[in-house]
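Think of it as A, B and C in the order they're written, each chain with its own count starting at 1.
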């Protein structure tokens, strides 16, 4: 009971913190517009979105991952570090001091450069790995555009027309960091890791781009704010993912929203898998593969290694943010969005409305981060060639087929309802497939079926293994 | 990229091309790819203990591999030859440090054979229980490490939890977690503690639960199956030729288990099965180990239910220490105690080869005694030694990433291989 | 065993049974491959599993000529029994025909025996030291190799008050 309560309190705290920072972001952006020049809110957004939100979430994620994995594995997790201040002297503070100690440790460690390494490239590696990932978040809208202090404030750093293309282009730059890190350390293991990383990232970029094309077709745009869309207020039609495929009439809007996950479930799976591979986390962590080749950053120490590590966590946050904007309706509520927007209170206080929906966005991001953590700690690692097989032989044809099917459906029914129906069907089929696989596995038909657990001899699949009766007969000569 | 890395010799001279063009070999040399030789270990996360693997790679494929062992060599045989028979016991702990009790009991069994001694029934039961407990810890570590090194951290920690519970029980029994030095020639040096059997039963129940968890995480996990099925294959004939025994051989489909073939102690009284694989790949080795753990649990349960009362060590003061009241109270007791401690057990001259089924296979002992109270020769047939010898045969031509699960599932233990 | 005696009466020097009931046969070094081939390939014997082998230095035993004994343990899965073979070699000419062409499992064991006893195996493809390093002088399991004769590759730090195990010091 106490544990449940703790979790609830923690969740409320996190939500509150998100709301607070969102409110601060809007307020500061409005003030910047007021007192500085037009467009100054974008500068404050850089600070808030990219430094405050992404960095702080990524930093806390280092702890959250350890705590969550501990929960999954029957452990306690980090709780040893203490802060020697009155009142909290003997409190573990949920392990938060560990973040500080980690940072201190990395900053004070010897910054070692191997003698035969190329010093310039060696130092360039972590920077190149870190910067592009960080820059990715610039085009992701983290909240609605509202009026604060009489100025219009967008909760996004930049809205270039080429939106998602910017994402793909910058994401592919990150490969230089890992490849250079692997090559310049003059270590064979690091080289192997670098080669693995670059081949994996390059092959998954194809699947990554392809899985998004269906989405572009559906929303006729590659710009992220356009894909997220605007609500139907003041007579204008709703656009992007703010639309409803079907909705009830009446002041409170309830219906099936045109979110990317419903229109493009296959695209979502492809995108999620491919971008997971880009983050180089388990099960796609062959470049790291600590039990085989240790990884492309073997030779890095101190904060240079820390850069690689934190860039991995930043990638997780950015991936969650991008996926939210593309497939989970960005900052929109699944229902009641128009009702909320039409409330007089919300129309008067733009920052309040922005804060609410900004919190919604970040909660979705946290959910997706959690999904990534669960995947990370559940699966073992692929083999190198299996990763390539998955990318080229499964995700790529799947993405291609998805493009054609989606294109035809969008052409046939521009209201996207046909696409939505097919999408729901696809989700249903996937669910059914997952269920039946589990069942058939228990009946000994699936590939992983092996009989003879606890004496029951039901292993008559093609690879039935333990046959106790046979074995004891054979060995009792 | 796969062709040779030796430069073709330019044969003969061609007056037309000499001087104007570089020789043929040099032209081709731009396209030549050299094999990369990397050195895994002796200190590498995947080499349990310390093994150095010189691996020649062509891309990700292993062309040649040369395991180089001996970094953990401690001079086991030489040490044993210079101490009394009882003093050898701590050295045997360090052979397979994951299942020390099996080494202890295997050695003692061989010495008892050499003397021609039959130990009390209760001692035999305790030996069976201890052996099977340590077979559990050994297999748990092996299976857990297999999961760990393929990136799944959770199964490893589930395994560790069960292992720690069993280690606690082992500590209550022997006084040590890993280096137990348990048992003495002629029996066992201390009896089961009070209430220990019930604790063990509880531990086994929890272990079974954790086994189910590990099973759920690994056995039907598509990635795990892909990584292990069809990798590290060895045929039954090859395995026998290399001298494989134990779970690794059984995974090839050979139902050979010394506990069934030559039942020692009281193994023939228990009802247990010998799981057998079919393909001899990593997946089968993993499954065989999982199943063996369940069988071990069965054996321990039966043994705990049927263990008789009685003495735990032979009543022969030439072999076993006299009871303490005798030592303090009678001159004969003091004499026997003194002689036994100072001179050791006087094993009559002779030789013996005796084998027990340890967690990784046949643990054989070839002992020679010259009758002077110290072993003249202690040869140990470590089950991991022939298994490791076959690694080049298994892995050459396969991928580097396959090396890791193979190395895990054969469960090479540095301590016993390198003596 | 009887079959071996029947087939190659000249190969078997001596046969006896030890106290635990294990049957032993001492074989002439020259006829070892012949005997092993028979044991392995005879359809009724099929001693295919190469158990292990090791050497014994009989220097301090009562009967010590020839000085070395090499012990082979083979196992038959068909008959579920071990066979124990012995070959005696003299110190002057310590070499035996290798069994590696017959049993691949013999490879490392023969390297082990070479490493520790200095007995050569003719026809072994790769007779290197296995546990010790190539620079090691002598063969440490010979009885005349002193227990504390240390040959560290990297000089050891002298620590005076540490008792380095039993036995007499070999040098210094």
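Details
Operating definition for what follows: contacts are C-beta pairs under 8 Å (C-beta built on N, C-alpha and C of every residue); 3 or more make two chains touch, one makes a residue touch a chain.
Here the structure is a predicted model, which is why all the values come from computation and not from measurement.
Arrangement of the chains shown, judged by which pairs touch: a linear chain-to-chain path with two open ends. Averaging Cα coordinates per chain and for the whole protein, the chain whose average falls nearest the overall one is B. Taking the mean of the C-alpha atoms as each chain's centre, subunit A and subunit B sit 43 Å apart. Per-chain Cα centroids separate subunit B from subunit C by 22 Å. Rounded to whole angstrom, the centroid-to-centroid distance between subunit A and subunit C, based on C-alpha atoms, equals 61 Å.
Multi-chain contact residues of subunit A (touching two or more other chains): 477.
Residue positions of subunit B with contacts to 2 or more other chains are 256, 261.
In subunit C, 80 are the positions where the chain touches two or more neighbouring chains simultaneously.
By the touch criterion stated above, subunit A contacts subunit B in their complex at residues 69, 72-75, 188-189, 192, 196, 282-283, 285-286, 289-294, 377-386, 441, 446-450, 452-455, 463-472, 474-477. The part of subunit C that touches subunit B in the complex is made up of residues 18-20, 22, 24, 48-52, 54, 56-57, 60-62, 71, 73, 75, 77, 80, 82, 84, 103-105, 107-109, 116, 129-133, 140-141, 145, 147, 165-167.
Residues 36, 38, 44-46, 57, 60, 147-154, 157-158, 161, 215, 217-227, 229, 255-257, 260-261, 273-279, 284, 287-288, 291, 294, 399-404 of subunit B are the ones that touch subunit A when the two sit in their complex. Residues of subunit B touching subunit C in their complex: 69-70, 73, 75, 77-79, 82-83, 113-114, 116, 237-238, 240-245, 254, 256, 261-262, 348, 350-355, 362, 364, 366, 368, 370, 376-377, 379, 381, 385-386, 388-390, 393, 418-419.
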